[in-house]
Structures are given as C-alpha cells and as structure tokens.
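Paired with subunit B in one complex and with subunit C in the other, subunit A is shared by the two complexes that follow.
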Partner chain A sequence: MTPPTQDTAVAGKSLSRKAIDRFLKNKMAVIGMVVVVLYALVAILAPVLPLYGYEEQVLDHQYLPPSLTQTGGELLLAKKTSEFESLARSQNRPLSAEELAQLKALKHTIANDPKHQRRYLLGTDYLGRDMLSRIIYGGQISMVLGLVGALTSILIGLLVGSIAGYFGGRLDAFLMRSVDILYSLPYMLLVIIFMAVFGKNILNLVFALAGVSWLTEARVVRGLVMSLKNSEFIEAARSIGASPFRILFRHILPNALNVVIVFTTLRIPTFILMEAFLSFLGLGVSAPMASWGSLIQDAVGGMTLYPWRLMFPALAMVIFLFSMNFFGDGLREAFDPHSEKSI
Partner chain B sequence: MRKFLQAGAALLVLALYGCGGTGVDFIIVNATEPQSLDPHLVEGVPEHRINMALFEGLMANDPRTAEPIPGIAESYTVSEDGTVYTFKLRDAVWSDGVPITAETVVKSWLRILNPETASPYAWFPAAFIKGAQDYLDGKAGPENVAIRAIDAKTFEMTLVGPLPYVLGALTHYAFGIVPIHAIEKYGKDWIKPENFVGNGPFVLKEWIPQESIVVAKNPRYWDAANVYLNSIKFLPTEDENSAYTMFIKGEVDWITSVPVDLIVEARKRPDYHNSAMLGTYYYIFNNERKPLKDVRVRQALARAINRAELTEKVTQSGQIPAFTMVPPMSGYPGAKKFTESVEEARKLLAEAGYPDGKGFPKLTLLFNTSENHKKIAEYIQQQWKVNLGIEVELTNQEWKTYLETRDRGEFDIARAGWVGDYQDPNTFLDMFLIGGGGNDGKYANTEFDRRINDAAKMRPGPERFKVLEEAENLFIYQDMGVMPIYFYAVNNMIDTSKWDGWYPNVMDFHPWKGIRRK
Partner chain C sequence: MIRCNVLAYVLRRIVGMVPTLFIIVTLSFFIIRLAPGSPFSSERNLPPSVIANLEKKVHLDEPLPLQYLRYLGDVLRGDLGYSTKHVDFTINEFIARALPVSMTLGALALVLALSVGITVGVVSALKRNSLMDHSLMALAILGISVPMFVIGPLLQLLFSVHLGWLPTAGWLSSRAGGLTLILPVLTLAVTDFAYIARLTRTSVLEVLRSDYIRTARAKGLSQRAIIWKHTLRGAMLPVVSFLGPAFANIVTGSVVVESIFDIPGMGRFFVNSALNRDYFMIMATVIVYAVILVIANLIADLVYAALDPRVVYE
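Right, the complex of A and B next:
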C-alpha cells in the first residue's frame, strides 16, 4: 500500500518523451495529425487509387451534381428530362413526341456506352471532369507547394538569421536592415514581378513565395541564436577551439531545431493560402493542372447554380488548414519548456 | 371592361415607375468605366455605347441592320472612280447652339490624325483618307490631308482608293465630329458635365467615376422628335455575375453579356437575345517558329479539333464553328471551308515527321486571363492530346502584357479575336499582309498580298469579292496561316416586350434614338 514516490515517476522521462506525452494529451492536435497524415496518404497514393484522370473530359457530363448512387448517365438523363419537363410546363403542354424520342435515344446510348457508367461522388465541372479526382490531385499540388515553400523559406531564414545572430555587429545590422526593407515592400507585387521575369510555372511560384516569406523566420532564428550563443556549452566549445561554423551548425542549430520544426508546420497553411490567393488572381498553376485555390476560382462564376464545385474544394482546403494549424499548435505547446503545467 | 382595367392598371404602374426610384428612364450595365468620353481617345466597345448617345458622325447606324444611314450629313455624292465623296450637311447645331459646319468636320478629323492627340484609333481614318497617313506619321503637314470644306455646309474627302466600305466606317467614333470651340475653351476638361458640348441625341448630365454616368435628352438634337427616353444611366459594373443578378431583379434594363456558367439558365428566359456577330475567334500560329513553320503541322492542328462540340458544350452561347476567316456576310460568297478529320490530321502530322505526336516539341498556348478563354484552351489542349498525341502548355497573361507579348511575336500559339470595324471581308484580311499591324504570327504569302492590294483598287461588286475570296482561300484553306475556331455571337438581355426600338444585329450596334417604352 505504499504510494509510488514522485521521484521514480519523474526520473524515467526524457525531455522528448515528455514532449510526446504532452502532445498525445492534446486531443485536437492528435486529430489534426491524423487528418494531415490521411491527406498525405491519399495524395501520395492518388496514382494507384481508382480515380478518373483529373484532365479527362467527358463533355456530355458537364455540371453533374454529386451523387453516391447514380451513374453519370443516369444523372444526365434525369437532368435532360427535368429540362424538357420544365420547358413543357412553362408552355402548358405535355412532352412532345420529339422530346420523348430524344429522351429514348439518350436512354439507349447511355445503356450502351461505357463512359456513361462513370460515377462522380463529388460531381463534375464545366468540362465534365471528375471533381473528386481534381480535388485530390489539386491537393497534391497545394500540399507539395506548402511543404516545399515552407522548407525553402525556413532554409533561407535559418541561414540568414543564424549568421546575423551569431556574428552580430555590422553584418547583423546589414542583414536585418535588408530584412526591414524587404518587409516594407508589398510582397504580392514582388511575387508578381518575379513570375513576370522568370516565367510562370509552378517551381517559380514556390520560389517566388519562399523568396518573400523567409523574413519572419530569419528574425525568429536570429533571436534564438543570440540567446544561445552566450550559454556555457557554447563557451566550452569555443574554448577548445571549434570554428564558428562548427559551433553554429553542430551546437546552436540542433538546439533551435524544435522551434524551427514547429514554425515550419505553422507556415505550411500560410503558403497554401498564398497560392490559393494567387490562383484566384489567375497567377497560380497552369491548366489543366489544378490546386485548391484554382478550383475555387473556377467555381465562383457559377456559384449559385453549381454550388458543389465551390463547396468541396473549399471544404477540403479548410479541413486541411484547420488540421495543420491544430497539429502545429500542438507541437508548439508540446515542445515549449514553459508549458509544464499540463503534466 | 376587363381589357380597360388592365390598361388602367398598366398605366398606373407605369406612372408609379416613372416617378419613383432613381428618376432615370433606362439603365444599362456598360461593363466598365470608360477610358474617356472624348471620341478621339477611346478604343473599346463600352465607350462606343456611350459615344452613340452623346455624338453623331456624318453617318449613323440603322438600328435593325447596322447599315450606314445619314447622320449629320443629309446626303452625299460619289465621284465616278469612287474616290471622292461630297457630303451635304444638315442644319444641325451643338448642344450649346453653335452650328455644325463643314469646317468643324475638317478640324475634328485633323484633331484625331494629329500625332499630338495620340489617339489609339488614328490608324483607322489614316487607312482611308489620302495624305492622312503621312500627317499621322509626321512626314507631312495637315494641309496634305485630302479633306476640305467647300462651303459652310459642303464637305469633301478624297480616299486612297475606291474603298466601298467607307460609309460604314464613317459611323465609327474614329471619324467622330467634336466641338472644337469647346475644346479650345476648356482644354482637357471639356468632357466634364459642366463644360460638356455634344451633338448626339443626349448630353452628359452627371459623371461620377466608377459609379455612374447619366445622360439627358438633348433638346437641340436635329431629330429630337424621335428621341423618346429622357435620360439613360450607364453603370460601370465589371462583374458579370452581379450584373446578371441586377437584371433578374429588375434593377437594370439592359445587360450586354451573360456569365458563361449561367447561360443555360439565361437561355430559357424570353428577354435573352443571342445573335451572330461580325467577329472571328481564332488561334494565331507563329509561322516563323518550328514546327509550326510546316504547313502540314498547322493543317493537322486545325483539323484535329471538334468545333461543333466546342461551341455547343463549352462556349454554349450560339457561336458558329468557323472554317474560314471571314464570317458570313451579305454578298460575299465565302471562301472554301476546310474539313475536320482526326484521321487526316494524324496522317499530316506523320508526314511532317511526327507520327503519333512522337518527337513533337511542347508548345505553349498563350491567352489573356479570362474564364472563357481558359475553358476553350483547356478543351483544345485535351483534343490535341487525345487526337494527335501532342502536349501543349497553357499560359495566361493579363490583357496588356498579353498584347505586348503578341506584338513582339514571343509565342508559339496565341488566342486572338477580331471584330469587324465595318461590313466588308477586307477588315478580316488586310491585317495579315506582310508587315501588317495585326499580323503577329508573321504569315507571309506574296500571292495573298497581291490579291488584297488588287481588291483595294477595285470597284465594289462580285469581281472584287471574287479576288478577296481567292485571297482567303490561300490564307486559310491552303496555308492555314491562322486557325479559325468560331464566329462570335453576342448575348444581350433586354426585355423587348417592354422596350421598343432595340434590335439584334451583326455589329451589335444599338442606337439610342428610337428606343422607347412600349
């Protein structure tokens, strides 16, 4: 009946173990992580999943609503029938023989043409392309863009920030003033100019975005490096004659890694949003490729008539952004040494 | 009894409508804020609609056919060789009472041709009037331009050739007559409502940039008896969706386009008017770049797409598949049409050295940023991929950048559209002369050039059309210098059971004069 002493419980846990425990206790963060992993899995497995090609057009199947049970052909028939009926109703007459014959012919082709057996769980767009497939492939682009953009901007920020923070003095002043100047320029304008000069493709888009968004990262890293560079273990390394770069990359940066990882996760949604915004202006990915942003842009015109074209990509994007933010926030809390309260 | 009651009710509604609300008789969504109200400084269609209310040239347009009818000119005579036109002006005055004389016309036209005016449309009168191009280029003075006032009411002009379509061109704002006395007095500010002087059926009353332009009936207009509206409001709403919603709610009387995604719905309404228009939508091939240099490749690309499916299912607004450059035009027999055939396209491509599209370089297709152009480009891209095994990349640019890129010839394939300036095949062909201003794809065939130049010297009639037809056969059927896709159609929404005097026509010109409530 002796209660377990407090000492044994604490002694068994390393810092990272504690962090993981803290993270797992945060329900929203775990849900966020699961959703993000699911998204990533679907995006990676897209080529082997039973999906239609994202660029495959079946013009007979334009603007079909989402349906779990009916095939494209059935939906088309229903659409045509209701079109004819509403026309007949407005003229106060039954369906004419010609219309009935047309419907019959359509029924016949639908029964015999395999393309009418296609199913669209999330409906189709203006060229009869499967929305589900476009959202998944669009997600691929959006997520890769977010990841690559965040990583590139962190890399630049890390380099500039650590150099400025460690060496200090004039170099620091120069680098930080450059950051200030870049901060004051409208970043959208810079991106648009960059794209105009180097050509419009997805790689340039990522680099343009990364090129204007490493500024915050650089400041954060600089602050971290400055606080670490006077600690005892750095003094020790310096006293045994380690070169500045060795100290920076072997001793300081590994200690700043937690913060950097957290920051990267939180940056990914920002990049996805920026791409969506640029796509909305017509500067994003080039057709027939899609991203969530460009899908939403395409759908705005017919929003009242074909709401599913707007709803599903928007939903897919919002869920992902939410999850990513919860996940990132959970990570931040878990790694923050000051948030001991939860344990 | 019943009938009377209905009439009474209608009258009551009419009266209420007339008094209440905005106090404006007619509201049109004019798609954009005009560049200017000065007829010599504009180049767009929305500006043209405003111009038709505020000004009138020597000739005006018939509301049903858009054919030229006398405007400020009462009558005209043509010399034997068809190059000298003499106009008799009617007793018309400006809205401030100053009479319009032949001298006003001379000074007006010299103003647009003056290089200092820097008018975007100065090339247009310069292409007609003898000596005008030299003045515009700064090579000669204004005295060399062959226009003159014989007396106060007689005006004479000499053309570079017997251009039979000149009367239609005279309705264009580039030949506009402007109040020189007011311009001299107020300078650039003459188009402000407080200074404004015009000679059209309406005068400018109020102009709030980005909000609205209101014009009121001009009591001094020579034909004021046939002007029925008291005022018109032009809204610069650019968003087609909100314009459509405003129309459906009855807040506006006329909208000049319909959002593509809503056409299916709009088509069911009785106030939807779709009509063919004198314009061609086409893709320009860069004739100097490989592999488009090869006529077989151009033929293959042009013949491998299904234009009927494109117009019926993608664009959906009554466009007509185009297999020639010149749209159907009265009197013109029309050139030989090429045929679509995937089989033959594949064969041609194989002959050019790319069987099944193997080894074909990845071309880029340039278009200006727009929903509609994107849909068409995506469709054609997919057709080329499926039918020929060719990959093309789509790039879109904002309007001005796109125009510059096209001008510099930095593209493989580019989207283009041309709307006729007057009703004659020449307006669709003469820009493809070697070195021609609109010949961005650098199409070059001296035989074609010879025929176009010959036709410019010929009298109107079937022989001239025969020569133009031969030229067009060379250009499209034989060389496929550009790839015609469809002939334009326009969508207007206006309730013609309520408004009289508005008719669909091939130029999409709708004079304000005769429009009235039924």
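Right, the complex of A and C next:
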C-alpha cells in the first residue's frame, strides 16, 4: 500500500501529490467540491447572514408563495383580494362594501406594521415561517448529523477493523462473523424501532445510526491493516520491540488515513439520507428544529396546493447529495491505488 | 458428487441461519421491552385494574425473561400472537394478507432495478468515457442522491396530479388495477437501480482488463461472444453479492413507499406499530422480514456459486 508520506512537502511525485493532481483533473468532482464548500460556508455563516429566525412564526403569513419582489404584506393582500374576488365571482356580484372595507383595513395594517415588510424568497410554511431560513438551518442540522455520524461510525469501524486485522486468528473470525451477521440484518428496521420506543432526540439519532453503520468501515479497515501488517517497516518496528498497540496506532493507522478520510466523505451522504429517512417517518429531529428530511415530510401533505414547500427543501438536499457523491467518488478514484490502471 | 456437496452446503447454511434469526428476535425483543411504556399506556380513561387485566391476558405481568422464553416458544410453534391495536384479526392472518402485497411490490422493484441497472451498467462500460457513459453515470449518481421519499411525491405530483395519467395511490384491488403498480415500483427500484448500474459498470471494466478476456480476444472470438459468454458471467459476481443489501434496501424502502402510495403491505404499519408499542405486531414484522432476507442471502450465495467456477462448497 501507500508508503509513509513524510515527503509530501516535496513537490512533484509524492503519491498524495499525484492523487491531488488526478482529483483536480476530474471536473465533476471539483465542481462537486466547490458546491459542498459553498453549502458548508452558508451553514457555518447562517447566524450572521441576514436571515429571519427559523422558528419565528408570523401567523398572518401562512403558506405565502415564494417571491423575489413582493413583501409578505403585499402577497397577503393579493391573496386576500383574490379570495374575495373569486367568492364574489362565484356569487355573481361585485365586491361588497364590507369586503372592500376589510381589504382597506388590511392595507392599512400592512403599511404600518413592520412585520409585513418581511420578504420570503422561498415562501413560507404552515406557521408563516420563512422557508429560506428553515432550509438553511435545516441543512445545518442535516450536514452536522451527516458528519458526526460518519465520524462516529468510522471510529468504531477503525477500532473493530484494526483489532480484527492486526490480531487475526479467533478474534478476527469472531469479529468478522458478527459483522457478517449484522450485515444481513434489516438494520434500519431496528433503528426505526429504537427511535420509536426511546423517543426522538439528536443523541439517540446519532447513536442509533452510528451503531449500525460501522460494518463496511470495519471490513475496509481490516483489509488495509492486514495488507500493511506484513510490510517491512512494520517488521522493523516489531523487531525493535514496539508494542502491538504502538505499532497499530503509530505505524499502521496513519498509513490508512487517506483511505479513512475518503471513506468518511463517501459516507456522509448515506448518513444524511438515513437521517432524512427517519425524519420523514417522523422519527428524526423534533420541532421547532428542522432538517431537510423533516421539511420534506412537513410538505408532502399539502404538496398539490403548496408545491414550493416540497420543491425547495428537496432541491437543496438533492443538489448537496449529488455534489457530495461526485466529490466523494472523485476522491476515491484519485486516492485508490488501482485507479492508475483504470484511467 | 457435486450435487451432494451443494445439498450439504444448503443444509449447513440453513442451520447457520438459526443464530442470525435468534439474534434478530432477541435484539428487537429487548429493544422494545427495555423502553418505557406499554401497549396499553396510551389508551384513554382505562382504570388501572383494566390495564392490569389486559396486560395479564398477554402475559405482560410476568418477569421479562419468562416472557422472552414464552415468546420464543410461541414463535417456534408458528404462532405470532395478537396485535394489541388491531384486535379483530390475529397477526398470522394479518401477515397472510399483507405479505403477498409487499412481496409483489418488492419483487417487481427488484426485477426492474436488476434488468435496467445491469443494462445501463454494461452499456456504460462498453462506451466508456463517451457522452452516453457520462450521462448514464450522472443519472445513477442522481438515483443515489434522490431519496425515495422525494421521488415518490414528485412522481405523484407529475403523473397523477398534473398529467392525470396514473392513480395517486391504492393497490391492485382498487378500480385502477395494474396501473397502481407503476409509480410505487418505480420509486422503490430507483436506489437499487443506481447502485447496480454503477457496480456493473465497474466490474465489467475490470473483467475486460483481465487475462482470460485477452486470451479470448487472442483466440479470435467475436466481440459479441466475448461480451455475452465471457465478460458478463464474471462481471455479474459483484452484482450477485450485492443482492443481499439490495433486498434490504427494498425492505426498508417499502416502509416509506407503502405509506406514500397507501399500499396495504407490511411496511405501512411498521412505524405506527413501533410508536404504539404494539409488541407482537412489531416483532412479527421484523421476524418475517428477517426470514425473507436471510433466505434471499442464501439464494444470492447459491447463484454466486453457480456463476463462479472457482467456488467450492467446503
């Protein structure tokens, strides 16, 4: 596998340098990376961006459509007017004096109340909350959960995989047999049960998801460790009397780092999808917090009347996952030693 | 001789299923029971004495280990018990009604995902780095990125609400008949299609580089013979080993798809049973799914062995 990479600083032909060059040549992967970085920036900067609070409700502004030009008040007035007009039309009469007076009064309040000056670029939801803000803060939750989930599962996978790979024998057989058994379980069903009976909160969520998804990581790490443990520099470390744990953590795992990083990147979308899946079933994050999945779940009921509530969170999520997948694929191809053959 | 080996292998695998199933039953039993709450805790206005009686009837008053053993015994006798929510039928009756529905949906989706996925993968590999290859693979990545619960509602919005071509929801028995199948099967197949297409492409490319294909070329075989006879057989191996996870995807997906399209299968009641602490119902669903999954894995392994001459039945 990859030899130690202390010489990364030397320009030119180090393996990491070559991998980075390969990655940069892959246009889709670079575009994916740029999009992912943009998303991350928006999520990190969300508190200082000029956004309305994601939990701020303006009950008058329920279900307002997205608009770049009109304020919430104008949209509300237009909505009320067209409601009255269609009612009048169905009864074949002009607007009554009472209706006109109501509209006038509404116009007056709208002009004087600062809350009606709010603008909703992506519309509002059933409590008059700004969708743009909810999508951005929801994305924050989804991305953090994806990252934490992927990191947790890679840690568990590293631990199990490296112990199994390094020590081999019965321990290895036992661990890998357990992985095989768990692998064939319908584990999402167990996660659903777990979330349903233990209640939904973020800690349970990460715990449940990471608890079932370290299996692939364990296999990959085990394979890496097994192929590294017989190499000469490990032999050398062993010959000067380094302890197994020192060898494992100081010599073997740092060499597996590339693969681990790439793998974590590849896993983030899976976690975001799993969280969204659970949120969609009503078992993910709880209100007023939002995630992409819970926003989509909120929207499905009224999707024929208020399609923007479904389209925008779905679009935000799909674009992110799409870019993330391209980015991860590009990384894997670039860092995979076999890829030199395949390109 | 070989057949004898296969038989012995299958038998050994069936014996090997027992611990897997045992672990699943045990895990789900204790996950549910260790959580607070009881199936009857949400019933309103029930005096404690009535709840106690109800719990006694389904043996919830006994110590947990005893309940566990009793449940194992019941399951071994093929009795999955009663639902604590739907009192008008036994769970066995419920499964007899719901399982065929879920099986039809899942089988159709799997067949669709396999046929389209393999075709797309092979075409992509053969036209490597062409525009066709790039667009098909972008499509596959899109398939992995768009979750079923987004695809389902969007398909409904497009084909049922706007175009009015297909029914929004329902199942075979309703008036729309077979048309009700199209959208749910499509939705359920998307994820697996995407994985299979990518997997097929990679493995076809790998096989095309291998020595035995070079030999076949050197012998002067036609391109068609090389692809159909030599490449596909070897390239299908990773796809076959993916069948297990593919099946698991479909089982998990059915929970969402059946509720989006209002299909009376096993998945639709799953989440509610868990939320309602419908102990026996949830256990029964998990057990049925696990049995199916384990059998599917066994079949996948047998197909693998049939395709790969190197496999020996140790």
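Here, the second predicted complex is superposed on the first by the 320 of 343 C-alpha atoms of A that agree within 3 Å, B and C clash if a C-alpha of one lies under 4 Å from a C-alpha of the other, contacts with A are read in each partner's own complex, and residues count from 1 in each chain.
Here, a residue touches a chain if its C-beta (ideal position, glycine included) is under 8 Å from a C-beta of that chain, and two chains touch if they have at least 3 such contacts.
Please read all numbers here as calculations on a predicted model, not as lab measurements.
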{"item": "Touching partner for A:29 - first (subunit B), second (subunit C), both, neither", "value": "neither"}
{"item": "Winner by number of subunit A residues touched, once subunit B and subunit C are compared", "value": "C"}
{"item": "First, second, both or neither for A:127, with subunit B first and subunit C second", "value": "first"}
{"item": "Touched partner set for A:196, first subunit B, second subunit C, both or neither", "value": "both"}
{"item": "First, second, both or neither for A:305, with subunit B first and subunit C second", "value": "first"}
{"item": "Contacts of A:326 with subunit B and subunit C, given as first, second, both or neither", "value": "second"}
{"item": "First, second, both or neither for A:154, with subunit B first and subunit C second", "value": "neither"}
{"item": "Contacts of A:287 with subunit B and subunit C, given as first, second, both or neither", "value": "first"}
{"item": "Which superposed partner A:181 touches (first subunit B, second subunit C, both, neither)", "value": "second"}
{"item": "Residues of subunit A contacting subunit B in one complex and subunit C in the other", "value": "196, 282, 300, 303-304"}
{"item": "Complex contact set, residues of subunit C against subunit A", "value": "19-20, 23-24, 27-28, 31-32, 35, 37, 138, 141-142, 144-147, 149-150, 153-154, 156-157, 161, 205-206, 209, 244-245, 248, 251-252, 255-256, 260, 270-271, 274-275, 277, 282, 285-286, 289-290, 293-294, 297"}
{"item": "Contact footprint of subunit A on subunit B as seen in their complex", "value": "240-241, 259-262, 264-265, 268, 309, 313-314, 369, 371, 374-375, 377-379, 381-382, 385, 393-396, 398, 401"}
{"item": "Contact footprint of subunit C on subunit A as seen in their complex", "value": "28, 181, 183-190, 192-194, 196-198, 269, 273, 276-277, 280-283, 293, 296-297, 300, 303-304, 307, 310, 314, 317-318, 321-322, 324-326, 329, 341-342"}
{"item": "For the subunit A and subunit B complex, residues of the former touching the latter", "value": "55, 57, 59-60, 62-63, 86-87, 90, 126-127, 196, 200, 282, 286-288, 298, 300-306"}
